[in-house]
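Got a structure for you, questions after.
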Amino acid sequence: MSTPKKNLNIGMVGYGFMGRAHSNAWRKVTNFFDVPYQPVLKAACARDAVKVQAFADQWGYASVETDWRKLVARRDIDAIDICVPNDLHLEIAVAAAKAGKMILCEKPIARNTAEGLKMCKAVEKAGVLNTVWYNYRRVPAVTLAKNLVAEGRLGKIFHYRANFLQDWTISPDLPQGGTGLWRLDVKAAGSGVTGDLLAHCIDTAIWINGPIKSVSAMTETFIKQRKHTLTGKVEKVGIDDACAFLARFENGALAIFESTRYARGHKAEYTFEINGENASIAWNLHDLHRLQYFNHADESIVRGWRNIHVSDGDQPYMKAWWVPGLQIGYEHSFVHQVADFLEAAAQGKSASPTFREALETTKVCDAVLASAASGRWVTVA
Amino acid sequence: MSTPKKNLNIGMVGYGFMGRAHSNAWRKVTNFFDVPYQPVLKAACARDAVKVQAFADQWGYASVETDWRKLVARRDIDAIDICVPNDLHLEIAVAAAKAGKMILCEKPIARNTAEGLKMCKAVEKAGVLNTVWYNYRRVPAVTLAKNLVAEGRLGKIFHYRANFLQDWTISPDLPQGGTGLWRLDVKAAGSGVTGDLLAHCIDTAIWINGPIKSVSAMTETFIKQRKHTLTGKVEKVGIDDACAFLARFENGALAIFESTRYARGHKAEYTFEINGENASIAWNLHDLHRLQYFNHADESIVRGWRNIHVSDGDQPYMKAWWVPGLQIGYEHSFVHQVADFLEAAAQGKSASPTFREALETTKVCDAVLASAASGRWVTVA
Amino acid sequence: MSTPKKNLNIGMVGYGFMGRAHSNAWRKVTNFFDVPYQPVLKAACARDAVKVQAFADQWGYASVETDWRKLVARRDIDAIDICVPNDLHLEIAVAAAKAGKMILCEKPIARNTAEGLKMCKAVEKAGVLNTVWYNYRRVPAVTLAKNLVAEGRLGKIFHYRANFLQDWTISPDLPQGGTGLWRLDVKAAGSGVTGDLLAHCIDTAIWINGPIKSVSAMTETFIKQRKHTLTGKVEKVGIDDACAFLARFENGALAIFESTRYARGHKAEYTFEINGENASIAWNLHDLHRLQYFNHADESIVRGWRNIHVSDGDQPYMKAWWVPGLQIGYEHSFVHQVADFLEAAAQGKSASPTFREALETTKVCDAVLASAASGRWVTVA
Amino acid sequence: MSTPKKNLNIGMVGYGFMGRAHSNAWRKVTNFFDVPYQPVLKAACARDAVKVQAFADQWGYASVETDWRKLVARRDIDAIDICVPNDLHLEIAVAAAKAGKMILCEKPIARNTAEGLKMCKAVEKAGVLNTVWYNYRRVPAVTLAKNLVAEGRLGKIFHYRANFLQDWTISPDLPQGGTGLWRLDVKAAGSGVTGDLLAHCIDTAIWINGPIKSVSAMTETFIKQRKHTLTGKVEKVGIDDACAFLARFENGALAIFESTRYARGHKAEYTFEINGENASIAWNLHDLHRLQYFNHADESIVRGWRNIHVSDGDQPYMKAWWVPGLQIGYEHSFVHQVADFLEAAAQGKSASPTFREALETTKVCDAVLASAASGRWVTVA
């Protein structure tokens, strides 16, 4: 079962929310999955020496760096895990690629397609393994949904709808910028809910239902000005607080997507539903261990949406965990991504989504923002 | 479609909550069901002449009586519908039977088995059609549940559990006795939740799963004294506020039943669940148009409880109503019972549950109360 | 309680699904509501003499007509209830207005704004009472939602989203045109899901959240050709099978609306959700007796969506029905509209939505279809 | 934040399902909680040398033992974690106590009260810290429920009901005894669902609602004989497949409890509900991150069960994890127990439930089994 593993030395850039989620995944993976590598938390990197040392102590990183360039230059690092704000992805990823490191980059790949494209070219030129952390693909219920569609169980797909609703920025007193709040700062984030939340919806949608052809979008910034924590001044808010768009897939399906941080009662409610000729599927991040499935082939008098508790050993990834009925949580999606990354790496392949695949999502995001700006339908590049 | 119908003249005794529910059923049935009789609201009867006239006006009864004996004696009445407190069932039913009337009696049949038995003998001796209004049998989702079990879809039944939870008597200021409150007066009602609520649960259980063999029960009266509206004095409360019991069915299934009027957050939450070797079923009166169904034969990765919206034309009684997706409500169960009663009557038969069938439920209630009093298992007579 | 009532003589045009729903409402209203008129089912009208007589027999109409012009001309008719396909609304309504009748017209008011405007002018010129049957307003949970917003409980409204999902036209074998299928025939219906289903969503939205300013829409006709039952030939399908649109309300709220008849697993699933600064509300026609309510002012550790079982006497319309916990169904919304119509009529007023108010919904529908055709944002006229 | 920690050396006995759950907890705790000790996985112990070495490799135990006596004798072990079948708890715990080790024992404490009492005396005589892994107490939603009751929010408690339903032993082909199946072997387990599942329900109930005074129970063994994996022969099944009991709490509340492994559609569905004068609470292990809460003090027209997504930083244990809306899973309850154990240990205290506290649950189990055998109410010793 547990064959001797080759070490894979990880260099982590960033120690925020995602730094924790990824570190946990690196630490846990071999306890639950028989993967071909043993990840080693070799170094954590961030500008604040005190804070990064505390982070390293808490997670067991063997060393720290305060300059990502030094981290990238270290010979003893095999893979760079990028967990910093979006505006830093490009520079770090390009340097890491040049240094021949494997790269795991937080989503979205970058602030926009132009940046993302440079990153794709860099990793492809360097021939390094790469992936983007669209972790929700690896929620077992979502993977199961993907599999059901891929097997043709839904038949022709008519409709796709996805929402990502939050309510944490409704207060006008919330500042923009700085730790935990860079998502409200357009310079750091690139966009608001579009890149942060809709990117997840779009990645899942493309993965399951294929390319999106065109979009018509609207965006809104409800709170026009917020204090900036870095400048201390009240500044214009540059991000989109809310975004909704109509879309057409290449396969003919219609779609609506919506995201906002102004939907009271929704903490992180990412939902999607897919309607096909023969069956439908629905999922909700707030109960991520469940999948709703309607099979029109069921006998009519006892036909209904099946509420599937995705916790059995024959369901994606679940054999590794507990027993039927015992649910997993949010963080497990990252463990799954690490497991898949390590499996693929042993075969010299990148785990999906690669930088190139993740770029498709950012192209849609760019089309969405362009459509919102122009008031017209925009074809995805 | 609508063949000429023979009139069936109804004499209603009582004008309370059930008087309204039954009157509505008599009035509506021919609009939706092609039944062989046209019910005619011939007379309403109650002691208060003013109130019964108002009731007759509101529902279209052609005449009123203030003495049920006169009503029973009228030649132009075909069927007596008994909607008065339990302590009056026996006398009225026996007189109506002697007068050769069809009898429809509100549940429970009587305050206890002894009374109920006399009623059974009276209708059987007189050879009159009879039924007891255990209306929940005719909620389409419940009838569907019955059918699924009868078809053997669940296989061997292991477990039955039913609850009927309410919260309307928690306040100690609520008096006992009188209009709308006779259910708290043991003389009028015979018992508390056992005869009022558990009787429904037991009727459904016997109907679907066969006879109950033995029980072990406990009861409680949380509020020991309440003002009596008839005497004006604070008097001992004689009813059971809550009752729970273990049971064994003749088919080997184990059961638990519980009812209370002290369950905050539950208005009229009658629920049951049946677990069989191959499938399970669950239902809830608060969403009476839905049935939950788990079929173990479903493919394992997409197996889950099916949430069936019972509103299609091929589901019990639903062809008569609207279109799929449009739900019916509480009162429809009474319309269904009237429709079935009229269909059976045209064939000279009583619609189930007959007095004799309904007596089985009261026998279980008596066993439950006896067990609670003795602290021992009691075999159902 | 039940004061002597003045008769109000109803002339019904049409005997289809809506003819039944309305007839039931007229018959039931005085049993449950103390309204100032006694509706009398005076005459039913339809071209097929045999069928209309059967309908009249089933519902108790005193007479029949086979030409709506004769019905409109009858002196003994006070109100005309229009339950025929949309293409007939204009002509009948204008004639009825000229004849001085009260008019109750099924929704949508007409196939388009131009027709609807003529109808508005006719009733306004004639000074006759008028209303359009947007019945879902009178589902108690929906009325409660309206009241909560009107009381300012949600604060500033950020988002509105509504779906009306069905799945009954997925089969390409389903023909268009004729009884029950005129909704697929663009000549009779005017449009597909936009006028049939989205009209409901839009009416509710305007009623609760005020005027819609502009829209961006897409429509699709998945099945391009269907056999026409009237011609017997396979003909082009002219209706929209699916429609989705983005919208902006005048109050600044963003909205998405979607309707389709190709969403497997949804029979008649009309849902809406409203997100305000302080609270949110959600509702679903498949469980129409429930309202979901999230109140941000609730103490944080016990804050959650409240699942309200709208069946108490202090909730809209419910005092008239049963007791807490006992749900009503679809048809009750029509009874409520009749009750409100009669109350308003006694005061010489039209019940909302009047023709003029209902025209606003059709204006939005027209803008939606224009936007789908042009691919541009369209301002509501 | 992360103060230098003292090591706490763990010796694990057993490597089955619970061995994994506990190991994960020991490994993760310092990543998420700022506890005063650093657990060190010092040694894993089991009879099979190959398997225990594989287990040690997978979880990072520094050494292995094949005789628990040797493990207990090791000077470098601070705490013994007992994860073996129930029949071994007594001997190991007594030896560990004599050796002065802290002891963490899987639930139930033992096969019966007599064994458990010896264990209590041993740890109390030795003065060693001790706890029993009733992990569900530390599910945040359950802890929140406990807190709400402790704060008096529910007022007087009228009703408690709990179920633990499974369906994994319905097949008669499933053998008894051996790895993973010792729970079906009465010699190893002591009892069936009573000690395995109801023990959880009882522990939670006592913790939240105080002592249970008396019980009336029934048990059933549906499959009378199963092949024994150790003997290879078909042998009588000695465990209870199902058990239900009525109970009275010392505080006057009535209760029903039920557990079975024959409830189709339920994988590990532990549910409880508590009804108090002012509020009610309900919880379900299949959605363990949610708590249902009904507060009667809410304004009546918007009163309903609140569906609380327990994932905010002000809810029990959740500050340590992710952000609002991101759920945790089953395994986290063990991490919480380790965190609490370490906090208490630093203060020289045992974390609840201690052996002595856990013994109360086993006393109730014994009373339940005695009642089922005698058919009488039994007072809890």
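Here the chain labels run A, B, C and D in written order, and each chain numbers its own residues starting at 1.
Just so we're on the same page, a contact is a pair of C-beta atoms (placed from the backbone, for glycine too) under 8 Å apart; a residue touches a chain by one contact, two chains touch by 3 or more.
Since this is a predicted model, take the numbers as computed values, not measurements.
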Furthest chain, CA centroid comparison against chain D
C
If you average the CA atoms of chain A and of chain D, how far apart do the two points sit, in angstrom?
35
Approximately how many whole Å separate the CA-defined centres of chain A and chain B?
55
Quick check: how many Å separate the C-alpha centres of chain A and chain C?
42
Multi-chain contact sites of chain A, meaning residues that touch two or more partners:
266, 305, 309, 312
Which label fits the chain touch graph of this model best, line, ring, star, complete or other?
complete
Quick check on the complex: what are the chain B residues that touch chain C?
1-2, 17, 20-21, 23-24, 27-28, 30-31, 54, 57-59, 166, 168, 266-269, 285-290, 309, 311-312, 321-332
What does chain A use to touch chain C in their complex?
154, 158-159, 161, 163, 165, 167, 170, 216-218, 220, 222, 242, 244-246, 248, 254, 256, 258, 260, 262-266, 275-280, 294, 296, 305, 375-377
In the complex formed with chain B, which residues of chain A make contact?
144, 148, 291, 293, 295, 298, 300-309, 312, 314-315
